[in-house]
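Each chain carries a letter (A, B, C, D and E) given by its place in the written order, and its residues are counted from 1.
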Amino acid sequence: MTSVSLNGVSKRYPNGHEAVRAVDLDVAPGELIALLGPSGCGKSTTLRMVAGLEEITAGELRIGGERVNERAPKDRGVGMVFQSYALYPHMTAFDNIAFALTLQRLPAAEIEARVRDVARRLEISDLLPRRPKQMSGGQRQRVAIARALARRPRVLLFDEPLSNLDAQLRAQMRVELSRLHAELGATSLYVTHDQVEAMTLASRVVLMRAGVVQQVGAPLDLHDHPRNRFVARFIGSPAMNLWRGRLEAGAGAGEAGAGEAGVGEGAAVVLGAEAGAALALPLPPAARAALAARPALPEALEVGVRPHEVRLGAPAEGAWRAVVEVVEALGGESLLHCVALSAGGAPAGVRVVARVEGRPPAARGEVVGLSFPSSALRWFWADEEGESLT
Amino acid sequence: MSPPAPHSPAHDEEGAPRGAWARAWPHLLLLPFTALTLVPALWVVKMALRPAQSFDLSLSPLPEAWSLSNFEAVVGAPLFWRQAFNSVWVSALTTLVGVLFSATAAYALSRYRFPARRAALGALLVTQMFPGTLMMIPLYYLVDALGLLNEVAGLVLVYSATAVPFCVWNLKGYFDTLPREIEESALMDGAGPVALFWRVVLPLSRPALAVTALFSFMTAWNEYILAATFMSDERAYTFPVRLQQYVGEFSAEWGYFAAGALLVSAPVMALFFALQRQLVGGLTAGGVKG
Amino acid sequence: NALGCAPGEAGAPGGAGAGGGGRPPIRLWHAYRGEERAALERAARRFEERTGQAVSTLALPYSAFPNKLQAAAARGNGPDVFIFAHDRLGDWAAAGLVEPLGFWVSADERAALLTPTVEALEHEGNLYGLPLSCKTLALFYHRGLVPAPPSTTDALWAAARGARAAAAAAGATPPWGLAAPELSSLYFHAPWLHAHGGDALDLEGRAGAAVASARYLRARVEEGLVPAEVNGALASELFRGGRLAFLVSGPWLRGDLAGFSDWGVAPLPTLSETGRPLAPYLGVEAVMMSSRARDPAGALALMRALAGEEEARARLAAGQLAARRAPYEEPGALADPWLRAFRAQLERAAPMSGAPAMRAAWTPLQRALSSSVVYGESPEVAFEEARRALAASLRESSLGDSAEGGR
Amino acid sequence: MSPPAPHSPAHDEEGAPRGAWARAWPHLLLLPFTALTLVPALWVVKMALRPAQSFDLSLSPLPEAWSLSNFEAVVGAPLFWRQAFNSVWVSALTTLVGVLFSATAAYALSRYRFPARRAALGALLVTQMFPGTLMMIPLYYLVDALGLLNEVAGLVLVYSATAVPFCVWNLKGYFDTLPREIEESALMDGAGPVALFWRVVLPLSRPALAVTALFSFMTAWNEYILAATFMSDERAYTFPVRLQQYVGEFSAEWGYFAAGALLVSAPVMALFFALQRQLVGGLTAGGVKG
Amino acid sequence: MTSVSLNGVSKRYPNGHEAVRAVDLDVAPGELIALLGPSGCGKSTTLRMVAGLEEITAGELRIGGERVNERAPKDRGVGMVFQSYALYPHMTAFDNIAFALTLQRLPAAEIEARVRDVARRLEISDLLPRRPKQMSGGQRQRVAIARALARRPRVLLFDEPLSNLDAQLRAQMRVELSRLHAELGATSLYVTHDQVEAMTLASRVVLMRAGVVQQVGAPLDLHDHPRNRFVARFIGSPAMNLWRGRLEAGAGAGEAGAGEAGVGEGAAVVLGAEAGAALALPLPPAARAALAARPALPEALEVGVRPHEVRLGAPAEGAWRAVVEVVEALGGESLLHCVALSAGGAPAGVRVVARVEGRPPAARGEVVGLSFPSSALRWFWADEEGESLT
């Protein structure tokens, strides 16, 4: 059981591009932590620095408490599953998996046993005599995973290890990896594009953006308490609805005293240029308190709601009226892409995605009523960072 | 018309070209060069089989008379087997040394960035640029100074040094195309530079290594001027030196010469067929995504 | 004949150092092959038996010989004695690679040799080797086309034209008249040049002769009697095939004529216009001593043995032109028409100079001959250019040679 | 110690090797060959700068006396410019023809499966196997029969035929490693075989083409035996023929020879530096996944 | 608007592997049809045959009514987005996109306009001067799509065009592709691993398995009326719960007459070896009718239910009692992996996955009650093919 810690680790590529910026991260011994983030945010670069394949420009990397910045990859006790498999094309699957073991000069019998064991777990026993080019993409990916596991490294790095599998196989592999992790106990960093993977496998998730860590926390934590707009939109699928609206101070505004920006009880955010009060969302007390703590009131705020929190009803029922533009029926659930209507009945330019269980309750072109439990609304500053108010 | 055979994927060894034109054009292109290659070669065969020493100018590819006497004379000459063995030995060692050094040097030049890298690549080319006659005398001095005159080692050293520059350039070009991730994989698997090179890079480079080996082998196999200059004992001669002795100032024993040339070429042919299987490409297929 | 002492008894330093095991063998390099080589080795064995001095022979490819000699001799690895054509003698002498023999070789000894061959081995007044055999050009004729050899050029051309006419009448391809392996090479042009009174080394004073000889041959080329571009193999092929009446070539042609009997050989004719014989160059194969020979006396003894009468007789018997007088004078020695023809030709041959000027002349003259004879451009211009080039390169090399200083 | 520099990724041109040992070993490997390469080369330079024609036997790399007289003499010789031009022209044409033919042939051999494919690959090797002396005469007849004696075309034809076999083998090995999907892309984009080859395959093969071009160029650039045989007009000579005359049968003007050799090598050097940029690898990086 | 039709199209690779077997498929002009199936089932091979990159071993391919088996790729008017991008590495993005247009010798101005237009749509305008190796995976993929679209081919083939994008970008691109398809009207075949993509983009879905088409139909059709077990399990995520159970004929069995296999009203399928009646699922009338049509009664049947149809309640409420083994909370929804308990309270070896909205209603180890609306149950024969009973 080995800890991994990054202190201010940065990477600047020779062309000047700063792919990773001052990342601080402590991975507890035996923990599996997931790295999430949009394409090009520096996930692979971070893994490669931990592996020793990329020089660390600044900061310190410790594995098991020891500084390893200068250590060669083979001396770090790290195994890695590459995004592109990177199997040895001239070796059979067996030899691919056994390669690291033969380098350690283990006895042939033990090598055989270990390879067979890991192959059985990953359901690739049949493939052992085949070469990479005789396998399908998914099979190659599993061989690559087996290769990394066979070595039983202290630290495991996975770079999108399941990206080429179909949904069924991916679900199955997810369970298997979870089981293997529990057994081997290797400290793991796991890069994935798939949130379900991240949320189900990892005890904590690191969300990166342009080389900078945005938030680290338990999966549901990120989902429920996003630190900023970026996290809010990135976590959860379909993405959270996010709208920018004018802040209207409401009754009691400024009453609390001079120099203090304050908003009254009736304060609300109004969406859509001409929409008027029809598309107003009232601020909850917590948001009002956050505003009060600021020296000046901002002109606008952003407010978001997750598609599954949107409640659909008859046109008369909801807080908003909206017209359904696109319906996506996925079988067990449906997505409705709506455009909210202003008081006058004209589309107000505010798009809302709603997710509902089962079949679509409304067809394209129908008008529906939408409402949002105020506890489901998330409030953000409308500036660059877009931090959460609460 | 037979059905079209589309562009075949990497592991399709048996696909066929598309349509008649596609089938024809490689042939058309190869034709003049094959002729320029084969006509003289057939001439050689014919002269070797003709029981005469004069030069034959008729265009017929068949000799008027047939005999193996030229071969018998060449093989029966004193020291034939000894010199043939020398040739094989020198060429084999040259191939080994040449491939070994050029592979390591090319790998270093391909993968590492060190101060004199560009200079080294340039320096390697310099040797190729001077006429052999001119280089011979300094080379003789060097080899003499090393005490390697009359030694197989001296010849091997010079031949490898002659072959290495081109081999390095060639192998470096190939190494540059190997996907680095595969090497990174091996690094992660705990391979040091040596294991990486021997167990991953070299096996993946078989096609280029085979060409390099052939080139090194032929550098040594056909050469006679340096061999005649460095070796002062007929038992140390390589076979091409012997062969060249059939050619005099004003005349030559063409029959023997041709027979000897065919005998010389036989092992190269054998080597070619041995290496042929290595020369199929696409070895890196399947290693990385895509 | 100060050193007329018995071979081997000179007490060379090498001999003293060798202790009980006898002297080191004399290293003999040559470029012989086939029968010539076997004969040489027999001679070496005989020498060993006679003197107890071991000889180690090494055969080299002709084309690798000069470079190896130069490289090895300079490092002291060379032979003690070597056999090669005399034409590089000037360079080797200048570079100090060969030992002058004048001191050892008496006038009597010289007199036993054919004079032109000795002359060829002299460089700056010194003798640099003992001649073994020589090569020159003679006239080969196709008996099927020409019944008897001509003695003048007029007769030669007449015979050639006759053969052409006869073939044309018979509806066959008319044969060429006369060919030399390389028309633009000075070596093959020399007989014509000399017959016109020219000299390759005197382009200034005898320019007219050079121009005349070039023009003379060009006229035959234009007439279609002489093919402008042939090489050795093609010429002998044409000759064997009855498509060439006369071929100017040397003793080496014998191999190419194997299995073909319709030929005769005779000395080159006289040039009808000047009355002078066509005088080819004489090439001499000589045995020479390295200036670094370990045992000069032993080496000299070997050289004498190889150039001696017994070997000369053997050479003659093998159809080679030995360089000694005596064997030719023995009864029946000239029964072979081949030998007779070449022996006669030898007397008319001009020894090729081994001087640096000669080697410098080679290239410009080839250029001049090529443009004038092969391409029919103005011979005056061509030879004037050649003269200037020759003068320039002589100036340069004297500059270079003086800078070479001691060696 | 300086920090370690990890194995650099495909587009990292500036990475450095890991640790001291990794930094040192390429040097150690290159050392003996660089010596064997450079010592004779320095000798040549020295001899060229010495105002003398004799061979220099001292080991010092500096001449006792300095002068450009050798260069002046070589350049001032009649026909120098003419012959230099011939050389450049012949070599350039040979490079062009050689690269063109070997690229097309290699591509056909790499991508199409046609009946005589293996045979063609084998036949290409046959030429390489006979001694040059032997091939010279049949080649002479062929060239004569084609009416190309004394023509640049004849020389170019023979040189290309000499260079093509190795170039084909070399290029084929490289083409085999190009990802086929890129070519399939081009097919889908509507490219016919010609557009495919010219606009996709060749640009991607720049490193291998550069090596091939260098090889073809040098084949023609240093050759003198065939040139002297086929050309019987001095104005048609290439420079190496002229150069060889300095050490020809009847002379050995080493100073001129060395100066000439340096002059000969200058354009090759220039070519090398011109091609150097093309020779960096990793051109296919980024095309396909991974 | 061009139709594409495959009649008995098969592909046997030179190594003897039959990757595609007698596929019949008619794609209507302008239709976008999705190819789904597990890895290695022959999707890419099918596309490549349509493109002309792979020889058709047997059968006939028609594009726009004409037989094109023998036609060269460039003469088929087909554009393709490769699974591995296959960009031209030596060209900038602009040149990559423009390549096909320059081959058509279009005027430079038109090329420029077309490239800029398609780049704007795919949000890669900034990337036009870059080379592939200077782009991230997602960017390359978009350039590859742009390249195929710029040519405006009659038929478009997409091989997993969005596989390397993160969830946000993928959703966005999905919408953009949908819009582009509507505009360009090119008949399209679209391979994907992502069911959401298939179901939202395509008017019909083709589901393949080991080279054989399993079912063709509208996305919801496959979801609701799977023809066989394979389709049922493959479509929908998480996968349908499927159990094999002993058929118990129940009251009235065999009454209908000799020779006719029949089951009575009380007929049920009993799951779990020892479970007894606790885990019985009664057969609906439609299933009973299907059984009656067969000459003999099978011993077993398979029955399935989709995770979102499983109803969770208090232990006493449900038809079954089950213990929760694993809980996966995904934010907006949760998955509960349960093991059903037999009447005696012991685990009966029957696993049930249930999906519920919102937060998990039960924790690991808790006992819950499960019930299944009988309309949600799907019945299949227990033989090889596993066809649906209804």
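Here is the rule we go by: a contact is a pair of C-beta atoms (placed from the backbone, for glycine too) under 8 Å apart; a residue touches a chain by one contact, two chains touch by 3 or more.
From a predicted model like this one, the values you see are computed outputs, not experimental measurements.
Centroid distances from chain A, each centroid being the mean of CA atoms, peak for C.
Using the average of C-alpha coordinates as each chain's centre, C ends up farthest from chain E. Once the centre of each chain is set as its mean CA position, chain B and chain E turn out to be 55 Å apart.
If you average the CA atoms of chain B and of chain D, the two centres end up 16 Å from each other.
Residues of chain D in contact with two or more other chains: 7, 9-10, 13-15, 55, 57, 133, 137, 141, 179, 181, 184, 187, 247, 282, 284, 288-290. Listed for chain A are residues 52-53, 72-73, 83-86, 137, 164, each touching two or more other chains.
Shared contact sites, meaning residues of chain C that touch two or more other chains, fall at 63, 67, 70, 74-75, 233-234.
The part of chain E that touches chain A in the complex is made up of residues 37-40, 136-139, 163-169, 171, 193-196, 199-200, 219-220, 223-224, 233-239, 306-309, 328-333, 355, 357-358.
Looking at the complex, you find that chain B touches chain D at residues 7-10, 13-17, 22-23, 25-27, 29-30, 33-34, 36-41, 43-44, 55, 57, 101, 104-105, 108-114, 116, 118, 120-135, 137-139, 141-142, 145, 157-158, 160-161, 164-166, 169-170, 172-177, 179-181, 183-184, 187, 193, 207-208, 211, 214-215, 218, 221-222, 224, 240, 243-244, 247, 257-258, 261, 264-265, 268-269, 272-273, 276, 279-282, 284, 288-290. Chain A makes touch with chain B in their complex at residues 51-53, 72-74, 78-80, 82-90, 99-100, 103-104, 131-135, 137, 140, 147-148, 151, 164. Chain B contributes residues 52-57, 133, 136-137, 140-141, 144, 149, 224-225, 228-229, 232-234, 241, 244-251, 253 to its touches with chain C in the complex.
Within the complex, the chain C residues that touch chain B are 27, 31, 33-34, 58-64, 67-68, 70-72, 74-75, 77, 85, 135, 232-234, 236-237, 240, 250, 252-253, 255-259.
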